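Labels for the chains are A, B, C, D, E and F, by order of writing; each one numbers its residues from 1.
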Amino acid sequence: MERLVYMNGEMLPEKEAKVSIFDVGFLCGATFFESLRTFRHKFFKLEEHLRRFEMSLTYAGLAGLITKGEMSDIMHRVLDANIHITDTEDDIWMCAEVTPGRAFPMPLIEQQDKTPTVIVYSSELPYNRYLKYYTEGKHVLTSIIRNISTQSLASRAKNRNRIPHFLAKSEAAKKDPEATPLFLNIEGNIAEGIGANIFFVRDGILYTPTVKNILNGISRLTVIELAEKMNIKVIEKDLALYDAYNADEAFLTTTSYCILPISAIDNRKIGDSYPGPYAKKLLDAWSKKVGVNIVEQAQKFAKKR
Amino acid sequence: MERLVYMNGEMLPEKEAKVSIFDVGFLCGATFFESLRTFRHKFFKLEEHLRRFEMSLTYAGLAGLITKGEMSDIMHRVLDANIHITDTEDDIWMCAEVTPGRAFPMPLIEQQDKTPTVIVYSSELPYNRYLKYYTEGKHVLTSIIRNISTQSLASRAKNRNRIPHFLAKSEAAKKDPEATPLFLNIEGNIAEGIGANIFFVRDGILYTPTVKNILNGISRLTVIELAEKMNIKVIEKDLALYDAYNADEAFLTTTSYCILPISAIDNRKIGDSYPGPYAKKLLDAWSKKVGVNIVEQAQKFAKKR
Amino acid sequence: MERLVYMNGEMLPEKEAKVSIFDVGFLCGATFFESLRTFRHKFFKLEEHLRRFEMSLTYAGLAGLITKGEMSDIMHRVLDANIHITDTEDDIWMCAEVTPGRAFPMPLIEQQDKTPTVIVYSSELPYNRYLKYYTEGKHVLTSIIRNISTQSLASRAKNRNRIPHFLAKSEAAKKDPEATPLFLNIEGNIAEGIGANIFFVRDGILYTPTVKNILNGISRLTVIELAEKMNIKVIEKDLALYDAYNADEAFLTTTSYCILPISAIDNRKIGDSYPGPYAKKLLDAWSKKVGVNIVEQAQKFAKKR
Amino acid sequence: MERLVYMNGEMLPEKEAKVSIFDVGFLCGATFFESLRTFRHKFFKLEEHLRRFEMSLTYAGLAGLITKGEMSDIMHRVLDANIHITDTEDDIWMCAEVTPGRAFPMPLIEQQDKTPTVIVYSSELPYNRYLKYYTEGKHVLTSIIRNISTQSLASRAKNRNRIPHFLAKSEAAKKDPEATPLFLNIEGNIAEGIGANIFFVRDGILYTPTVKNILNGISRLTVIELAEKMNIKVIEKDLALYDAYNADEAFLTTTSYCILPISAIDNRKIGDSYPGPYAKKLLDAWSKKVGVNIVEQAQKFAKKR
Amino acid sequence: MERLVYMNGEMLPEKEAKVSIFDVGFLCGATFFESLRTFRHKFFKLEEHLRRFEMSLTYAGLAGLITKGEMSDIMHRVLDANIHITDTEDDIWMCAEVTPGRAFPMPLIEQQDKTPTVIVYSSELPYNRYLKYYTEGKHVLTSIIRNISTQSLASRAKNRNRIPHFLAKSEAAKKDPEATPLFLNIEGNIAEGIGANIFFVRDGILYTPTVKNILNGISRLTVIELAEKMNIKVIEKDLALYDAYNADEAFLTTTSYCILPISAIDNRKIGDSYPGPYAKKLLDAWSKKVGVNIVEQAQKFAKKR
Amino acid sequence: MERLVYMNGEMLPEKEAKVSIFDVGFLCGATFFESLRTFRHKFFKLEEHLRRFEMSLTYAGLAGLITKGEMSDIMHRVLDANIHITDTEDDIWMCAEVTPGRAFPMPLIEQQDKTPTVIVYSSELPYNRYLKYYTEGKHVLTSIIRNISTQSLASRAKNRNRIPHFLAKSEAAKKDPEATPLFLNIEGNIAEGIGANIFFVRDGILYTPTVKNILNGISRLTVIELAEKMNIKVIEKDLALYDAYNADEAFLTTTSYCILPISAIDNRKIGDSYPGPYAKKLLDAWSKKVGVNIVEQAQKFAKKR
């Protein structure tokens, strides 16, 4: 009943899942990854995740380090190894990571061993960490830390250079334990949350930042796809805090919770019911699409850890 | 005769030195570190390194995770455990790293276990990777990648969010295998190399970028200190490529090689003897200060790995 | 026959309409306001103005200081009190302002008295200040002063931090008494005029800056709405001086004059008849929509003050 | 026993001190001002304040609106009128303001009446608002709002376009009632507090931002002058949050409290005694210079209002 | 059989085609120009070129220096004078330039002689310089030099301030003799190549940078027009290197070669056949539109020069 | 009695001094140059000019195109050829220019002929264009055009990409025929005039912008040198318009007039006597240094051209 982690060809218990301290993933945070979840024990949007993963590697000049097919096989292997622990109505979350492998850790960093490090692991969905926000809404606080500029590193290449995330999370928690941070980009436009995209509703239109300086979340794309099917207009544009504060409704999107209502941004109240009408419509459509009532599943399986 | 690594209280062989894949150092690249070297088997500028380390942790809101005294003790323990492998006239390089410990790796990242991960390891000095540049000069190519803005993450807090380093190194190597990259900051001013600071000499004055957007290297500070003792004027200011291309002499500074002459920047020839007069004077003064002829030591112990 | 001003519940003659020197509206320029006009003695786009007003307050964290209904009532009260002075074919202009009330004016500013200051007043339309430009076109000069960045204060929140307006107006007047200034934003894109938005026509398409760093004028929105009804394409995008100088036609929009033709930008001649064909079409449509010939009304009631 | 306010030639009770709603000071926040205090019932640095005032007016193109001599006379008149209410060992705070006078409040703002509005008033020093911070230290939180760029309005011209101040104060208070905000400028460098400058001490050197994008406070200049007299080195340069978090000591300076110790910046603890050694030395020197023990005076006369 | 150049009314042999060293075109690079080519001995998109030329002059405040009609006449005169040298199945390239004429070359530059300098010349198409890239693809390297900001000079006004082009070309050639540079703009977005625009294909959609900071190439517009006719979606937006590296296909567009496939960007391989499917479709449509097989013509008439 | 121009080895009359339209100097404005003058028929600061010229070429990757010795010889040859026309108490101005030579003018610009184009010519000093400003002061107007960013082209490399100069001059002249423009850089700091540097005096200290984004004028360096000899403090720093408007005195420096007083900046009056006390002192020292009374020489030989 212990979860197993895939590491470079082996299946190991979580406790033994470790990387060398000389791995470039540890030395440079040069880990490129995807996180995805299952619905009814099947991967959601697997092809989209594999494709984005390929794009992250290509961006980093690492195209071909691992193919989509190889990665898909490993992910299924991890799913098969771990899914039996899961209730048939519950689901799991999975993370697939690749680093360029080991290097010599000096200023003139040079890789010695070009074998990539491949790690895939799964976990329970952390329902208890977000369940209550479906009905209460999450607090959002704009961070004083800006997300890393595309001139330094493309946010779209999903990667582990996330000290700004670490700092921003800690900053938000000290100001309001219920709050999650919102990044602006260097130009001062709204960017994204921590591993989450943000949407605003105003007069029946969905607004979300362009992909210029954010992760192009698969959940973000799912919301856009669902909205378009329901004839809800979606506009991707540069957005400012004025837009955020004046939203009729706002929500975050990510792999685990899918859509999470926001009840306040920088202490301005947003909306008055949670989930708001659009978040609700989208959660319903998403639930229907995947055959799982997303919120009810969270309610059923949430527990304190 | 095997080197040992300190990991959270234990001394392990290098092969076994691994971090959990759930460590924040791996999940966010949130590793803060120092690298230093010995001269005559004694740490060089230990107090300065410990102090900068403390500043990195304070910046990250992690003050108190480990004290300077604790870290110093561990470093000496690692030195004691490994120095016997080293020739009495040779020296070693050491790296001390701290991460906030393990976390649950989800979008709403939350640390479960607040015990920091502490890693200290040593290695041979990689003389063979830089020896020839003392006399030939290194090529430098300005990178198209800008170093991370202080608005996102302070470069002065020595950390492992170094994908831009990884990308820039790979970019430079493809253009010229002898080249190392030079970062500009977001404003377009000269910043730093990969784990190295840069100095220019013009009309007998040393110029180096301000610390605004770079690591404030201990080697950098050593050069400033040595120069001041020799009555060589040092100016810290915003510098542009025009300054670099028109330098009479230029060099990199870092822990291992101390001072490395540059013979070309963006294919403009710099200087005509390597080390140039100022690099030579400074290397001599440094050698005298530490009681080790830095270049000769490299010559004596260099070997192909 | 004297106009009355509403001030915190009272109706006062203009001369007596004063705010305390300790009012935050005076101490910080923290006055949020709307200005609108009547057509045929009825407010034009009242609901849109009330709504934008609400958004300004929400942006400032002052939601609830006054409701739309309360403000609407006061505005009608001021209209009723003053409209009788106006010729039945003439119209009036009105300004509604709210400040957070009084404060103690020290560096550690703290409000003592949370009762907002509410001011509503009306005036004649200043036809004589703009009448001739309908047929001659206005001169526009790009200001050396950039409008305030959204990173400091959202231009969309209509407010009284307008020293840049004051400076720019004075700058323009010294260079050309017929000129009104045009602001660029910090990035160098065209922003807006003084309390006015700007439109360009090129090949039958209307271009106007996005709302990112400007006031989202109700007159601007009216032009967009009228244009769309006449199947004239409107594109909101980042515009540069190249676009301005090469416009076939250009005009300003604001509450009082509605649409004002531009005949020169930075001494480049724009168009050759005023109003140009599109300005004319739009003025006609606007006049029809409101049942008032806008230009003729100005001609009829203009007088030197 | 009621304080009197100077307004355009008259001495009025505070309650009657009001400006027309058509004053440019209210319409544009175009009020330029100085605030200063007495020590032993004499103005502190009067000439410096008059001079900076003149510079603010010159910047705004309003040179000559009022001369230094005229302003000085009025200030003394207000002092004379009000000082008798004050305990002989207590002191007062004064504010002198000038606006360009009345205007017609339309988009094409035009001044009708070029007579400036001149206001001078005094108050008690609000000791009770800051007394405890002398010994406990103040909390500082970096604001998400950046101070207005010099490209739009020079911070050095002391003026009333202070909505960013209003917003930042409200933001800080919601996060921590003990906190005062710190502004970064558009480039991300540390700028200033609300009507206060900031100093950091590190290794016995005082650091403070350059005047590029801040008010050049007279208190700031006094600290620099006192430090230089005590042979304490002062460096004015671009500073980042890394500098702030790693200060040995930090303090704010302004007219009323002179020097106020900071005990935390963004939840990083600063120093461990308040006032810290440098703040103490400077407060002592300042007290000696003016013949008033600044902290003791505050203790003696503080009272809840 | 010698080509003739039009210079201010005269037809001169190329060798004699010279401008005064006091011409503003030489003193300031203040030459505005168009380059175009023939297909079947007729100008391609002549009206579009004349119009853009007019816009460049208007931008520079030189409207009316020469009319579209006058320029067209001269261009035809040069065509007539030179076309007979050309094979009937071959074509020519032409360049039309205007400068404001002569000036006195001192710091206080003042024009003495307001007669513009008008130059029109033609040449063979340099097939041999690009032929092989139709089938092999061109290498592209992002330049460390950013193209000139619109805040200084509008790239859309086709002009001869091209030292950045000169520097970037030389930089690229040193790194890879097969490479041509790609400019980013000051904000870090993809701009353009040297006298060439860039397109990316991803999932069947064409992406190209907005015109904000680039030349709005006639070839660029032709590709957009052809694509739209073939129902291929074209999106103009801010693009980053992530977009470039992850393109399925990429190509340059300019007057001479029309469309040139790209096989690598910053050493990331792009596509796998050259021309890629979209470049091929567009080259075919373009060839059909102009009655000339563009690639075959290049093959037939290429020769080493 | 006709002046002769050196062109690639020949001495030609001015009328015949022409460059090929295929010269890179004309095609890209890629002309690097120096302008200098004589005092008592001897070059002023020749070595400094030759050295800066070398730096411009090095910056452009053209080191070695011509040596300092070769250039010096040519300059003396031109001096010898032309000086006899000049009154023994008058002096001359000289311009030395180098371009990389001819190229093929297509998008894939490639130089065919690597022989540089070398041009040296002299002229009378244009006294009549600036004489009156010695005693009346020059008007300065900040331009809406920013000077080219160092990220695109180093202003310190004296070059002919000067369309922004051309545009700014024309802009200033239209607003005030007595005015010369002042450039801000992209960040909004004061940069330079047209071929001229700017100095401000405040409280007996000279302020001038750092060299980051300007030409490092030899006249600028001469003023600094003279000031230092007279124990006048000179501070090079980022300056804003606030500094300019509040200067006690301001002046421009360039080769021809040396020092030119400024009487107004953006319509703010600067100083009240021209030359102001510091300009006068510096002009006197300069005159003494070169053995020529600079202002009297201009008075004596000024004439209308």
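Following the convention adopted for this analysis, contacts are C-beta pairs under 8 Å (C-beta built on N, C-alpha and C of every residue); 3 or more make two chains touch, one makes a residue touch a chain.
The shown structure was predicted, so the numbers you read here are calculated from the model rather than taken from an experiment.
Among the remaining chains, those touching chain C as well as chain F are D, E. Among the remaining chains, the Cα-based centre furthest from that of chain C is the centre of B. The pairing of chain C with chain D is characterised as same-residue: of all residue numbers used at this interface, over half are used by both copies. Separating the centre of chain B from that of chain C, both taken as means of CA atoms, is a distance of 57 Å. Centre to centre, using the average C-alpha position, chain A and chain D are separated by 45 Å.
Multi-chain contact residues of chain B (touching two or more other chains) are listed as 61, 146, 149, 151, 171, 187-188, 241, 266-267. Looking at which chains touch one another, you get A-B, A-C, A-D, A-E, B-D, B-E, B-F, C-D, C-E, C-F, D-F, E-F.
Looking at the complex, you find that chain F touches chain E at residues 5, 7, 14-15, 17-22, 24-31, 35, 60-61, 93, 95, 97, 100, 104-110, 119, 121, 123, 126, 129-130, 145-149, 151-153, 159-167, 169-171, 180, 186, 193-196, 254-256.
Per the touch definition, chain B reaches chain E in the complex via residues 141-144, 146, 171, 174-176, 184, 188, 241, 266-267.
Within the complex formed with chain A, the residues of chain E that make contact are 187-188, 237-238, 240-242, 245-246, 266-269. On chain F, the positions that touch chain B within their shared complex are 55, 58-59, 61, 63, 149-151, 154, 156-157, 187, 210, 212.
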